[in-house]
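There are two complexes below, and they share subunit A, which is joined by subunit B in the first and by subunit C in the second.
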Partner chain A sequence: MAEFGAQFLEWSIDIAYVAIMMSFALTVFRLLRGPTLADRVVSLDMMALLGIVFIGVFSLSTGVYAYLDVAIALALIGFLATVAFARYIYRGALAERRGSDVPDEGDDS
Partner chain B sequence: MNSLILRTAVPALAGLMLLFSIYVLLRGHNEPGGGFIGGLIGASAFAIYTIAEGLASARRALIVPPITIAGVGLFLAAISGIVSLLFGDAFLTGQWWFPAFNPDLKYFSSVVLFDIGVYLVVVGAISGIAFALEERE
Partner chain C sequence: MIDFISGIFILLGAAFALIAGIGLFRLPDVYLRMHAATKAGTLGAGLVLLALALDAQQLQVAARAIAGILFLLFTAPIAAHLLGRAGYLSGSPLWTKTRFDELSEKYDADGRRLNGTPPEELRRGSAHRGDKDGASE
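Here is the complex of A and B:
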């Protein structure tokens, strides 16, 4: 029974690797194609997520649990870039609506 | 940025990031981690807090100016080097203190002090840069 368990884990890891690679390809496609800037930002966020998932599966397949801490750090930090991009887009839209180059925040709630 | 989701999530998340940064700092003693990477995680917590709550709130959360934190960290790191001079070793040689009541506690050393100094320098410097960038906009 234990042998079957190990075999099953190996299959699952292989399937997970294939799935990660496929979603990575789709994400890169969206990054290159993405009609708007927001699409590209979301695909970059997705890439960080796929990195986290890959580290998790890699940690399972090698048995080195130190990698999981890398995944935790990436999960905590990864969304920082997305938030910064979101603010950049928001300010750009704000400046465009006002027809000026100098956006200031505050009164536009 | 005036987003309800961000302003609700970030205070809890920033606290979690600070906790994890201290965990990484202390774990760096024997395993992967250390003062520099822990300081980077802690500084990102303040950067995300700045984006969500604004510059004034972030400055208030840090209590003292970021340059002060960096200066204290540098002072601690220099002190940890001078401790070894007192014992007649070369500058920055690690000094260890094994408490008499439990010699297995091998965590009191000038190396830990140096790492905490690096942590404070990185937190102060990177938050200072983030604040300066935010101020300019």
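Here is the complex of A and C:
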């Protein structure tokens, strides 16, 4: 049973690497293709998540648990980057609206 | 036995990561793609970290892994909300088969505030969503 468990764990680690690779390829496709900036930011966010998944699997397969700290830091950086990009898109949208919508609709603030 | 359980968790997590990637690839607009990436992606990362916590069998590693899961669960909705709002205001197109856009016409001209139903009317319950068409005025 223990033999089989260890063997199963190795297989599932290999399968997980393949799945992460395929997911990464699809994400990169969306990053290159994505019609709007928001699509690309969603894809970048997903890449940070996939990095966390990869580090988790890698840390499990090598037994070097120090990589877990890298995963947590990557989660933090991914979150901050997404928030910063969202603010950037939001600011851009506000500026665009101020430029185009104010002339025909009175500013009532 | 622990090997077996954490292997299953790894497989599940990788499957969710793959599903999130497929969703990102196939779904038709930003909001649906965000739905795939945020929910399935977070679940995949959480399951893999859980497998790591089970497999390590050390308290400090498990504590860090669970802290990572909690961090992901707390931050993913915030990031997705901000990004969805920014994408909506910047005019990312909805899918052509979208039936309802409940936010349309509800942002005021400079996009800072929602000017839907005023709060006192909501409290009175006169213009509740349960009405047939919502907008009675």
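The definition used in the following text is that the second predicted complex is superposed on the first by the 99 of 109 C-alpha atoms of A that agree within 3 Å, B and C clash if a C-alpha of one lies under 4 Å from a C-alpha of the other, contacts with A are read in each partner's own complex, and residues count from 1 in each chain.
Note that a contact is a pair of C-beta atoms (placed from the backbone, for glycine too) under 8 Å apart; a residue touches a chain by one contact, two chains touch by 3 or more.
Small disclaimer: the values here were computed from a predicted structure and weren't measured.
After superposition on subunit A, the partners subunit B and subunit C are accommodated together without colliding. Using the contact criterion defined above for the overlaid structures, shared-chain residue A:57 touches subunit C, although it does not reach subunit B. Of the two partner chains placed around the shared chain by superposition, subunit B and subunit C are both touched by A:69. Of the two partner chains placed by superposition, only subunit C is touched by A:39; subunit B is not. Within the superposed three-chain model, A:77 lies in touch with subunit B and out of touch with subunit C [touch as defined at top]. Residue contacts after overlaying the shared chain place A:26 against subunit C, while subunit B stays out of touching range. Counting residues of subunit A touched by each partner, subunit B versus subunit C, the larger count belongs to C. Of the two partner chains, subunit C is the only one that A:12 touches; subunit B does not reach it. Once chain A of one complex is fitted onto chain A of the other, the partner contacts of A:87 extend to both subunit B and subunit C. Nowhere in the superposition do the C-alpha atoms of subunit B and subunit C come closer than 5 Å. When both complexes are aligned on chain A by C-alpha atoms, subunit A residues 69, 72, 76, 83, 86-87, 90, 105, 109 touch subunit B in the first and subunit C in the second. In the complex of the two chains, the subunit C residues touching subunit A come out as 1-4, 6-8, 10-11, 13-15, 17-18, 20-22, 24-25, 30, 33-34, 37-38, 41-42, 44-45, 48-49, 51-52, 55-56, 58, 61, 64-65, 67-68, 71-72, 75, 78-79, 82-83, 85-87, 89-93, 109-112.
Interface residues of subunit B, counted against subunit A in their complex, comprise 1-2, 6, 13, 16-17, 20, 24, 31-33, 37, 41, 44, 47-48, 51-52. Those residues of subunit A that touch subunit C in the shared complex are 1-2, 4-6, 8-9, 11-13, 15-16, 19-20, 22-27, 29-30, 35-39, 41-43, 45-46, 49-50, 52-53, 56-57, 59-60, 65, 68-69, 71-72, 75-76, 79, 82-83, 85-87, 89-90, 92-94, 96-98, 101-102, 105, 107, 109. Contacts from subunit A toward subunit B in the complex involve residues 66, 69, 72-73, 76-77, 80, 83-84, 86-87, 90, 105, 108-109.
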